[in-house]
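Below: a set of structures, written as structure tokens.
The same subunit A turns up in both complexes below, where it pairs with subunit B and then with subunit C.
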Partner chain A sequence: MGFPHPSHPKETPVLSKYFGDAAARSFRGWVERGGYEGLKKALGMTPEAVVEEMKASGLRGRGGAGFPTGLKWSFMPKDDGKPHYLVCNADESEPGTFKDREIMRWTPHALIEGCAVGCHAIGAECCYIYIRGEFTEPWHVMSAAVEEAYAHNALGENVFGSGKRIEVVLHRGAGAYICGEETALMNSLEGKRGNPRIKPPFPAQAGLFALPTTINNVETLAAVPHILTRGAAWYKGLCLGNPKSTGTKLISVCGHVMRPGNYEITLGTPMKELIFDMCGGMRPGRTLKAVIPGGSSVPLMTPEEVDQCATDYEGIVACGSMLGSGGMIVMDDSTDIVYEIYRLAKFYAHESCAQCTQCREGTAWTTKILARILSGQGKSSDLDLLLDLSENMTGKTICVLSDSCAAPIVSGIQKFRADFEAYLSRATAPVLALA
Partner chain B sequence: MTAGTAGVGAGEGGGVEAHHDAPHVPIFAGKVKERLDALFPKYPTKQACLLPALWMAQEARGWISPGALTEVAAVLGLTPAYVRGVVTFYTMYHTHPVGRHFIQVCTTSPCHLCGSDDVLTALLRETGCGELGATSADGRFTVIEVECLGACGFPTPILIGDDFIESVTPERISGILQGYK
Partner chain C sequence: MTQELVNVTIDGVPVSVPKGTPIIEAAKQAGVLVPHYCYHPSLPAPAVCRMCLVEVEKAPKLMPACVTTVAEGQVVHCNSATAKKARESVLEFLLINHPLDCPICDQAGECELQDYVFQEGRASTRYADYAKRYNPVEDFGPDVLYVANRCILCTRCVRFMEDVADAAVLNVSERGDRAFIGIDPAQRLDHPWAGNVVDLCPVGSLISKDFLHKARAWDLDKSASVCPGCTQGCNIMIDTRDEVVVRLRPRANLEVNRHFMCDVGRMDYRWMNRGDRIEAPLVREAGSPRLLAVDWDRALARLAELVKGTTGKVVLLASGRSSLEALAWVRRLVAAQSITAAIKVPIGEAAVLPGVPNLALRRERVPNLDGAKLVGYTTEWQGALDATRSSALTILLDAALEEKEVKQLGGGPLVVLSTVHEDWYDSAKLVLPLTSMAEEHGTYINRDQRVQRFTQAKAAPGMARAAWWIAAEALALNGTRGTPSSAAEAFAALGAWIPSLGGLTYADLGLTGRIIEPTPAGSRE
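Let's look at the complex of A and B:
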């Protein structure tokens, strides 16, 4: 549902059905709502059959990359005699995204159940859930739920009498956006600085503690029990014309809409329906200027692109951006696009781990150039310079933080060039004073 | 001792900032040690308990003092230099003393679009901190800007200590601050 607002008729509440329902947080409350049936079913299946079920459902990673979940699980080695790990990425920090927080606050057992199913499927006995340090309330809700799950044998030495051992351990981050990158998260969990690792080796070969590891986003794992309970065919049927994008997706909508919140849509829903019907459109007297549809790391979209866009993995790519994490930042005509892009660049400059030169220098330089433009001292060559730097920041580093900084800059200049030029020509008054 | 002078070398020990830690009570004793010991079996290495151990140290001392850092290193079999490298990577560990109530204000783009600058200005004024990172004269508050708190639909979210408060507006601030003495 469009939490904190009542569910909109155009939504498909699966994961969000019990957002706001405090009784769903307890073990008993979750069981009364059909919870833990998926795990029981999975425990009666072979791990291979669970993986096949995920493949058949079409579920793709909800953290940003959109990689097929069943395929990812199938990469784990079989009968290698080594301990395997499942890691749940709950380091939700992508600007614009606030869905995993609500899943953990309202339906903690959905996530625990998904983690337990995942462990069974990939042959792991232990799942670490890495929760960002700032998420204090989700931490407390999850802690209580894990304790209850152990007390009811949904976790522990002998899960529901199956003879399977499944442990879930919560691990608290300490403030670092980059730890949402999967290999940085693993380093952080190991008690190191959160620097991303070079791939290969991929996590399925050598991940956490150099052992085979699968890492999934909170929303991905929370969808797993529903798929097992109701069947892959049901999930695959939640689809509006594009068979590559199936199921529901939580879209966190923020910024200049009347009703910001988490909207659960069937993938493929027209973006204009989401923004103008479900979210109530713009504030009175305002018109849409731009949308960043997938968290701050993806290109900006114009109103024309929004108008014809189907909200799914391929649909948004066709309209010049990406679904990403589903964090949708909506900006109306009062927005200073140049300033907001500067603010995003500043975010990436702050969060760069500084391993790679292109990122360490590029995020800082682009931030400085954007500040110069906003202070009225931009040079006519600055836009070309920004594009040149952005090119050197794309596809050349260990992780994609650098690319993420470049995406809004490049798309901003391409699609809203007049806004930049107005600062360069002094038609727009400076808004920053250079230090 | 300020952050700028809090250099820690291996073997320097915890005594250098005795005026902060005196009388010396070890962090990892009694209940805290029990909590840490309970974590060890959950991980294949002791080092993996570094972030949790640092959280315990900060809870005990209010910040990661040079002495606290040395104690964390000792209990995990790491060097203080290594631990300092990790501490400085993460923004939530304080490398210098802060006010009793540490306030983090989200000002990243989604919140900025909805007026977080005004919330920040009002907080700096009403806490008496005046500037980012400074502690108010009465020792009550320290205010910092934080990057995306992950509650963009409820602008502006702030964290006061462990209390996550959504939808903060300049008008709400004096009422909120009254709850933090």
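Let's look at the complex of A and C:
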């Protein structure tokens, strides 16, 4: 595993401040860097006060949906006499996203501290961290860090002498994209097939082992200790004009930029500044063709949309896509958009859990149509068919995997129709041999 | 207990249903059947087929009717343009990999995929250029084949085995469009209730080997009946083709067997098709070495005369499969005499269905044990056999005797009422042809004192008649007035001497039965 790039001056390093600093991985190193102060502070507060602090900070879920974290925590029942669970979603399976991996590799104690604070806030004694199966190095780092945290009473029966019991259990996934979906993740944790569950009941009512559960993303939980030590007002102040999107966000930039990598930006940073300044822009002689800003599940953006886009939850929606997980895939003019969308559809077809009809059959069928277009045998009716199938796959299933497959297809056809038509008219030479 | 009612409007029809009712069940009360595959009222609802999506006013998207519960004032549109387009698309997605081999599929004619596609599917395919998914047929168990290519992955079978049978033998294997129903490689689908997956399967994917290619669904005649296999009294349908029973299937009765029946009961029907039946009354005339076929007038006169002339003890040896009407009227025929009456109760292994309370294949393998007791029969079979040595008349009511039992019979006069002929009946004075339970109307009383009707499923052979009719006709000849001329009358009349049946008619029983208070012993007659 390589080291990350040095921080760019336009970044706001909060979570990424110690990326590349191997000494920050140890308990001692983390404490020397101000670690576990947030947890100690939280343990001196009531759970309600911690929840209020999160609400005041404006922190929103960093896994994709962007749901306000404090509000989510407040949904947990009070004094119900049942065990509660916190689950940390470290499955990070969204294509194009690699931020949680870096958090776990470099600052494992930030995550453990965040988990402990979360447990305190929602009345849980146990947090499961569900780590993506392919994450070998993060797994080893996290395992060592959890062991150390227990040894130093940051976890265990009596955390820092507070009388509070907080356990963290690491669980390693087996390599299924769908297990990053929160209810599928819970099923997987329970030892069942990783199929998403129908909601309601919502996790806060009946989640893991049918008990009240909160699920948060790694990046969300890792931000929590910082908010506690430096204050909600400080975090809320990390804002570039849109008060609904506060704080910093790690953006995993990959693709055709000069310097791909994780960039921690203050939400609201212009996307063109991120791509053309921080990431060093396009490769020599190349121009921007499209951006997938939030992991493979979100619609594609055109250069025009990128040009005027503020990188935050609302800003990207206004420009026709979503912030999602912050996995930004940048494509220059050498990219075959049709092939790119085909490859995504193929991924979703492979990863569909097979529960819902539209997803099981729709992801595979759209993939076949795209393959046929790429093979030079597409029909003029294929684009309308793809759009109709995509509509039939959207908003009708248990989880959003089906929608995620449809989103790039619809946006691809709407925004890059000429690329499709070039294949249909045989202007572009076939790139696939049809089986 | 009063349940809180919720008022909803479904396709313009206002209905009040208990709080917590899923929309799909509320819709039934409004007269609307929301098309569905994965939902089944006796299984947990996973909402995976997405067929039952309906439009609920104020909801941001279509809602699955199977898991969305009613709310006060809710307005539901099951047949709006959006709901119909969603269903049409599900049907299209289900069909792209379906082999459309209806002409050779056992399910054709009773296939929910066929029905709904016919009702509201697309007329032509948009998937013409691609190969369909292929998986070979799998042999799942003693009676179940899995035709994977027809499977729509509704998972009813998986949920039945896991949640109802508590034997998780089946699973969903693989992902995406490669998914299929898998079976634990170390196991077979041989649970005693496994056959229900064939009924649960909405398409022709899980099929019965026993029924394979036997008949087309639309050629079948279906009759409501009660399983004669044990004291549980599962409600069943007897399906016949040209007077031949081709299969038994469970019939819904939420109080008795919900939607299920066990494989022992399901497979025990071949006796209904036996060809070696007695087709005419047989009488031994004075001086004749053998039985001779006669008409009913002659046979009934002989029976009446035999009964009237008997002054000593009478022994009745009856089958536990005999109807309440048969047992009661035959006993009444000899009511003037001292009677020893017993039924034979074969005992077998019990097999519980864990997911349904009070449902099991019972050890007592007769359907009418409590009915027999109610009308004065005991289970003291051996005692009754012994009693024949001193009896003035022995009547055999469709009781199949083993060879050693035949040897224990006394030498007194013997009257046989039977469906099938045995060589040793030659020693009887009178052999009368009986209808089997599949050929007559009647009732059984199950172990929970539920009186349940079964209806005639096929024609009786030759001159065979129901036992109650034979007894009633003989009674009439001996002067009893007002004897019944139909099974309904034969049943309704029972109340006159069996108080707990007082006032009950077939109409009262309906097709799901009625629980009675058993009459304390000694108070009858």
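Methods note: the second predicted complex is superposed on the first by the 432 of 435 C-alpha atoms of A that agree within 3 Å, B and C clash if a C-alpha of one lies under 4 Å from a C-alpha of the other, contacts with A are read in each partner's own complex, and residues count from 1 in each chain.
The rule is short, and it goes like this: a contact is a pair of C-beta atoms (placed from the backbone, for glycine too) under 8 Å apart; a residue touches a chain by one contact, two chains touch by 3 or more.
Since this is a predicted model, take the numbers as computed values, not measurements.
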Give one of first, second, both or neither to describe whether A:392 is in contact with subunit B, with subunit C, with both, or with none. second
Between subunit B (first) and subunit C (second), which does A:378 come into contact with in this model arrangement: first, second, both, or neither? neither
What is the contact status of A:349 with respect to subunit B (first) and subunit C (second): first, second, both, or neither? second
Going by the contact rule set out at the top, does A:368 touch subunit B (first), subunit C (second), both, or neither? second
Per residue count on subunit A, the busier partner among subunit B and subunit C is B
Of the partners subunit B and subunit C, which touch A:70 in the superposed model: first, second, both, neither? neither
Identify the partner contact of A:358: answer first if only subunit B is touched, second if only subunit C is, both if each is, neither if none is. second
Touched partner set for A:198, first subunit B, second subunit C, both or neither: second
Per the contact definition in the header, classify A:340: touching subunit B only (first), subunit C only (second), both, or neither. first
Name the residues of subunit A shared by its contacts with subunit B and its contacts with subunit C. 176, 193, 350-351, 353
Touching residues of subunit A toward subunit C in the complex: what are they? 176, 178, 193, 198, 349-358, 360-365, 368, 372, 385, 389, 392, 395-398
Quick check on the complex: what are the subunit A residues that touch subunit B? 4, 83, 92-98, 100-101, 126, 132-137, 167, 169, 171-177, 188-194, 209, 252-256, 260-262, 296, 327, 329, 331, 335, 340, 343-344, 347, 350-351, 353
Inside the complex, what are the residues of subunit C that reach subunit A? 46-51, 53, 61-62, 64, 67, 85-86, 89-90, 92-94, 96-97, 126-127, 129-130, 152-153, 155, 171-172, 174-179
What residues on subunit B touch subunit A, complex-wise? 42-45, 47-52, 54-55, 76, 78, 85-86, 89-93, 104, 107-110, 112-114, 146-155, 159, 162-164
